[in-house]
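Before I ask anything, here is the structure I am working with.
Per-chain numbering from 1; labels A, B, C, D and E assigned in written order.
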Amino acid sequence: MNTVIQDLELVSVTKRYGTTVAVDAVSHHFRPASYTCLLGPSGCGKSSTLRMIAGHESVSDGSILLAHRDISHLPPAKRGTAMMFQNYALFPHLSVADNVAFSLKMKGVDATDRRAKAAEMLDLVDLTALADRLPAQLSGGQQQRVALARALITRPQVLLLDEPLSALDPFLRVRMRTELRNLQKELGISFVHVTHGQDEALALADEIVVMNNAVIEQAGPAREVFNAPRTRFVAQFMGGHNVIALPQGHYAIRSDAVQVTGPDAGQMDAHVTAIEYQGTHVSVLSRIAGDQEVTALVPDAAFFDAPHHPGDRIGLTWDDRNLHKLTA
Amino acid sequence: MEPRPRSFYVLSAVFALFLLFLYGPTLTIAILSFQGPGGGLTFPMRGVSTYWFHDLFAQQAVGDIWGSFGRSIVLGLMVMVTTVVVSVMGGLAFRKRFTGSGVLFYLIITALVIPSILISLGVGLMFSQADMTVHWATSGFGAQLTWTLPFGLLIMFAVFNRFDKSYEEAARDLGATPWQTLRHVVLPIIAPSLIGVALFGFTLSYDEFARTLLTAGSYNTLPLEIYGMTTNVTSPVLYALGTLTTLFSLAIIGIFLALALLGSRRRARAASDAGKGLL
Amino acid sequence: AQNIKDITLRQFGTGVSNLNEVAQKVKEDLGFTLEMTALDTDSVTQRAATQPNSFDIADIEYFICKKVWAAGNLQAMDTTKLENYDKIVGIFKTGKLNDDSVIAQGTAPHTVGFTTGQHGTEFVQEESGWMTLIPTIYNADTLGIRPDLIGRPIKNWSELLNPEFKGKASILDISSIGIMDMAMVVESMGEYTYPDKGNMTRDEIDMTLALFTEAKKNGQFRAFWKSFDESVNLMASGEVVIQSMWSPAITAVKSRGIDCVYQPLEEGYRSWGGGLGISNALSGIELDAAYEYINWYLSGWVGGFLMRQGYYSAVPETSKAFMSDNEWGYWFEGKPATDVITSPQGDPLAQAGDLRDGGSFEERMGSVACWNSVMDENQYMVRKWNEFIAA
Amino acid sequence: MNPSAARLSSRRRAAPFPESVAMQSRPNLAGWLMVSPLALVLAVFLVAPIVLIAVVSFWTATEFSIVPAFSWENYDFLFGSSVTYRVFLNTFKYAAIVWALTFLIGFTVAYYLAFHIRTQTWQIALFLLCTIPFWTSNIIRMISWIPFLGRNGIANSALLSWGVIDAPLEWLLFSDFAVILAFVHLYTLFMVVPIFNTMMRIDKPLIEAARDAGASGPQILWNVILPLTKPGIMIGTIFVVTLVMGDFITVRFMSGSQSANVGRLISNDIALLQYPSASATAIVLLATVLLTIGILLRFVDIRKEL
Amino acid sequence: MNTVIQDLELVSVTKRYGTTVAVDAVSHHFRPASYTCLLGPSGCGKSSTLRMIAGHESVSDGSILLAHRDISHLPPAKRGTAMMFQNYALFPHLSVADNVAFSLKMKGVDATDRRAKAAEMLDLVDLTALADRLPAQLSGGQQQRVALARALITRPQVLLLDEPLSALDPFLRVRMRTELRNLQKELGISFVHVTHGQDEALALADEIVVMNNAVIEQAGPAREVFNAPRTRFVAQFMGGHNVIALPQGHYAIRSDAVQVTGPDAGQMDAHVTAIEYQGTHVSVLSRIAGDQEVTALVPDAAFFDAPHHPGDRIGLTWDDRNLHKLTA
């Protein structure tokens, strides 16, 4: 597929439902041919943003540009975007092949051509054998791939995915995200993927856009967002961080950068409040003075060599260079 | 098998009694329709024969059973098609608030609950005041629609309450025009319910008496004819007709069920080893 | 030019005479199509009054004619175009069966049988040359009984309210007819003698219905009926042993082999008559066809057909040719049957030697005490009647 | 997704056609166009007739025609007669008794089908079995009771031959008993269907949760199933009550014309061409029915519960 | 709450649905006052097992003992167990307080007592303020807590939870699992928790019971199951492991025990097939000879000091002591 790489841009896009502002003057430039995850808690405006890009929701204010062309008022199919819906929205009465060929049929492409192109797409997602099945006869992962094929057959410049993995069980979710990532690389188009799983976002995204309360809190490469959260919200939401209030302000520090020592041996003392085993690591939750919660992520071997229990007094220590100042 | 609670057996007995209650009279009729030629409307049976079924196809002393039967079928089909089309349109429109939708909704409820005889009376009056002739295909048709449309609409409301809108969004996303979305996505998905609406429309019309009473004009529909027969016919031919119309109704249901079944079979045949692997 | 054979005439009336066999015979004899719609008495009235475009020929009763003539939906017929006008029995022309007969109370056919012209609105009391209805069929009605279940002679109308028959009596729910049956009962019981049963005052109406309402509340009646077939079922199933009844209903009960008598009573009969009216809308070739049909109707075949069911023809003479001597003797002359008498459907109704209940035409039609009526206080009566039914 | 989450999200998606640009400017037009056939039918065959009935209820009548006037006479007569009140009372009596019986039977049958029959195939099969008699003409179904209940009918013959009774039971036919029996026979399905529908939508884990909390069968019925079935009961009630209140044939046939409800009053008037008087009664009946239904609708949001 | 600690035991419990065997002669002893997770893929029989314990499904064979008493044939409410249903199964027509008090009402406890006890339970789950709301007016997490309170008010010896967290979003899921864990500790009763998330099981469980194909594949303390999976299935399903076929048999090795070296510098050579960023770590997927996939979990700092890209040749190395022999 040799789609010309085009960039997508939101210019002060706002969405209002009556008096609620779902998306508040959001501007963002999506890098061409990149995998972007929109991440944020429930109700923060992720879907609304995605649906405005797709054209399923009108823009209350601002504009959406694709390849420098204002697409804000075009119908969905004319935008050069394609959408994959959360529960896939596969047409239950159509076979896999017919689902995939649907957009061609709407365009009036004749049956042989349609079938040929659909076969091509099914090949891409490795579903050729199931072309005649109905969606109800597919597993969740298979359905997801049909939905992908159906969206991709329109040769979109941008593929929009609204929680594409949330209907799958955890095991499958991990496998499918690898497939998504590979597909995006292979096609060389932009994927914009909505999720509220930070692990999913980290694993997939070139760029993560963290939203909260209808605005973008932080956007940037996955590593940057994880390592250098700008705000308390981002630090907490991304997980793996402690936010500590120090006299100079709020700081974030990665949990795996906090070491547990014996009492009085660390930078500060703490009480263990909970222990959570995570396989390769153990997460030690503790409370320091000022009622602040601090989590230390300890490799399992280290932990079990000198285990702690809720109630234990411990010391916590870290390299101050790992403290990262937060702006809000 | 899980063990059954005792209430199951009690309720099964109650249910069996209920079925007996439902079927008893119908079966009585069915049995009596096999009276011998000298038999009457009541027991005891005077012989057993299919005489009255033959008689049904012969000319009756009065009336015109098969003419009215034909009219009822035509009227039923007219009502059926109109009900389906208007209900779908109405159902689609009602998914969104529009000025006056509240009033219209209450009108639909009114149409549903208004005693049928009032429709008959009112439509009859209206036609006579307007100096128009009542006819089963005009006034009768309209009067019946006030009964079938609320049913059809309620079903459509229920259908669209559960209709996943992302299907339509997906279609739009894939370039379908509103009409194409309706034609290729919405209608096929709701098709089973439409069969239900059609079936309802047809049978409600086919069996409608009160609303047709004063609105059918010169020619009887089947229920009016049957009503007429109860006042004009004193032979088991009436029961033979009852038995036959029941069988006819059953045939109609059968056809619709078969259609529905055939549809799902055809789809199911596509593959049967679904969901075997994880992927 | 339009061919008379292409014409279709739409006729409606009660099941009594709207018989498909007649239509078939019309097709055979005259070539045009007659469509028959059979309705109950009330629906017939309704259609005659309110749906002028739904029919060409109205087969209605005289009392209905009285109600609906003024609606202007019918046109009068020129008697000079009627071949058998002269042979129509006197009842329909002068009200008298014979010169010395007394005219019975109620809406006698001749009082509503003539008008001033083709579109006349008033009834006139003499033979004006314009008939509102062409008489076709009539009878003298009385109570029907099940002698096998009663087991004693019944002689009076008052027996209808005899407590002996509590829960086993019935009366018909057609106000214009029922009120006359009631009046017969009231007079027979000696409760009251009406100056004119056919035209009661409000008080008389109240009194009459009060008496019957009382009886109804006491459980005298098993059911009310509205069409003669309901009366057949009531009688044949033994639900009812005494009730107002019509002649063909008796015939129907009998043809099932059940003993049933159309009991002549001392106070006389309550009579009724029916006829054909022509829609005001008819003209030209259709009107011609209608006249042709009516002339055919009076020419005997239908008369014979109806008389075999126990009715009388308005032109008995012409019917005679279409009946066997045995039939004519049994049905019209009141003579013992010389052979089996069968219904038009072929069921035996009487064996050789049997006599018709009530005797000959003269005896029966000569003892008419009243006709089915529409009174001046009809509105009031109807409402009270409704209350009686609802009470 | 849990049920309430599903509900929330479907509510959020409430706007049917995401306002595309074209539609936004005239949001009503499409709706109006689509309901216009419906509105037309209802305007012509529902509203106009009701208006006309209301108008005619003030007219007067002759033997054969109705005469425009403005007269309270019809209402005077209606409200002036004790029979009217008795008949309305009778109408309510029928409605109440038939409602109670159809509810009891309908609920029991629906409950049995929904909660005691385990496979959907059997549920559907038995449900269809219940509906089959309803495809026979109502009139025929009604009159088919007559040979069954008559003085010499099957019921009496059987009871006599079993020695249960010495003389035929008269009240089996042409009585209130017969009327109610026929009503129940005709209309129970209208109760079964909506109740069955709502019951089928009750989440089965709810029953298990109740059982887990120690509720006995009757307690589950009373505390969980009954309240959750309320919408279905209401819809069934609306059907049965309006059908019974508007009936005029069943009462006539089964009471042997001896009893009356309002419908019969109207049909008798119509039969006797007393349209204005029929109209007045009709208006009062309509008001009564609408009031009754209005009250019932207070208990259930029909649109939401469908 | 001073419930006497009782132990639960399954003795050769079997569940058959017609010809399918959903649970096949499963025996297990649940330790008293422990948090046990039943883990396994979809359809393996987890729910069936749990429902048999609860009494919502009859036992086809075998018996269930609680405190050495055979409860297999007792009605649910008489078993001393309580169940929390997957979608909570809150009575939609009852307020939060009435939901919680439902079992007391069934017992005939009078209204004042009921209300007092329900208030107590609501306090426990921190929902006092919402007592009068209807379930539909609650968020997912709040609903979950109502369900908990409702189950706990019966003072069960064993609380059974069927995927109690699956309806929540990831952020909330993590928070709620901490609450569950704390609650179990606080109450000192046994929790049996069905899940198909291995991270959930690890974080929560004292003991993990891994089921597959209607039988228990492995049961033991969380750490044991994670570190010493007995079978290939367990190793793969628990995640974080590589299963490597060596001439001597199949071995498991934790991904974080595999180090990435330069090509030809490790024990074996591999081609990188994918890179998945995970915040604190980066997962390097590679293919070794014999078409086996091996994943190495590399700390992020280490990885980004010498990043690899799909297609790169690398070497893999590990300490053979970390190889763990699998039995099947």
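One rule holds for everything that comes next: a residue touches a chain if its C-beta (ideal position, glycine included) is under 8 Å from a C-beta of that chain, and two chains touch if they have at least 3 such contacts.
This is a predicted model, so every value here is computed, not measured.
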(request) Walk from chain B over to chain C along touching chains and report the minimum step count. (result) 1
(request) Enter the angle, 0 to 180° in steps of 5, of the rotation superposing CA atoms of chain A on those of chain E. (result) 180
(request) Report which of C-D and B-D is connected by more C-beta pairs in contact. (result) B-D
(request) Report the chain whose mean Cα position is at the greatest distance from that of chain A. (result) C
(request) Averaged over CA atoms, how far is the centre of chain B from the centre of chain D? Could you give it in whole Å? (result) 16
(request) Quick one: report the Å distance separating chain A from chain D, using the average Cα coordinate of each chain. (result) 53
(message) Centroid of chain A to centroid of chain C, CA atoms only: how many Å?
(response) 90
(message) Can you pull out the residues of chain D that are in contact with at least two other chains?
(response) 18, 20, 146-147, 150, 152-153, 270
(message) At least two partner chains per residue is the criterion; list those residues in chain E.
(response) 41
(message) If I count partner chains per residue in chain B, which residues reach a count of at least 2?
(response) 2, 41-42, 166, 169, 172, 214, 230, 278
(message) Give the list of chain D residues in touch with chain B in this complex.
(response) 13, 15-18, 20, 27-28, 30-35, 37-39, 41-42, 44-50, 52-53, 56, 105, 108-109, 111-113, 116, 118, 126, 128-130, 132-133, 135-141, 143-148, 150, 152-154, 157, 185, 188, 217, 238, 242, 245-249, 253, 263, 266-267, 270, 275, 278-279, 282, 285-286, 289-290, 293, 297, 302-304, 306
(message) Going by the contact rule set out above, which residues of chain B touch chain A in the complex?
(response) 164, 166-167, 169-177, 180, 184-185, 188-189, 191, 267-268, 270-272, 274-275, 277-279
(request) In the complex, go through chain E and note every residue touching chain D. (result) 54-56, 75-78, 82-83, 85-93, 102-103, 105-107, 135-136, 138, 140, 143, 150-151, 154, 167
(request) Within their complex, state which residues of chain E touch chain A. (result) 41-42, 169-171, 174, 178, 181-182, 185, 196-199, 202-203, 222-223, 226-227, 237-240, 254-256, 274, 276-280, 283, 285, 297, 300, 304
(request) Spell out the residues on chain B that touch chain D in their complex, using ranges where they run on. (result) 2, 4-5, 7-8, 11-12, 14-15, 18-19, 21-26, 28-29, 32, 41-43, 85-86, 89-90, 92-101, 104-105, 107-119, 121-123, 125-126, 129, 142-143, 145-146, 149, 153-154, 157-158, 161, 165-166, 168-169, 172, 178, 203, 207, 209-210, 214, 222-223, 226-227, 230, 238-239, 241-242, 245-246, 249-250, 252-253
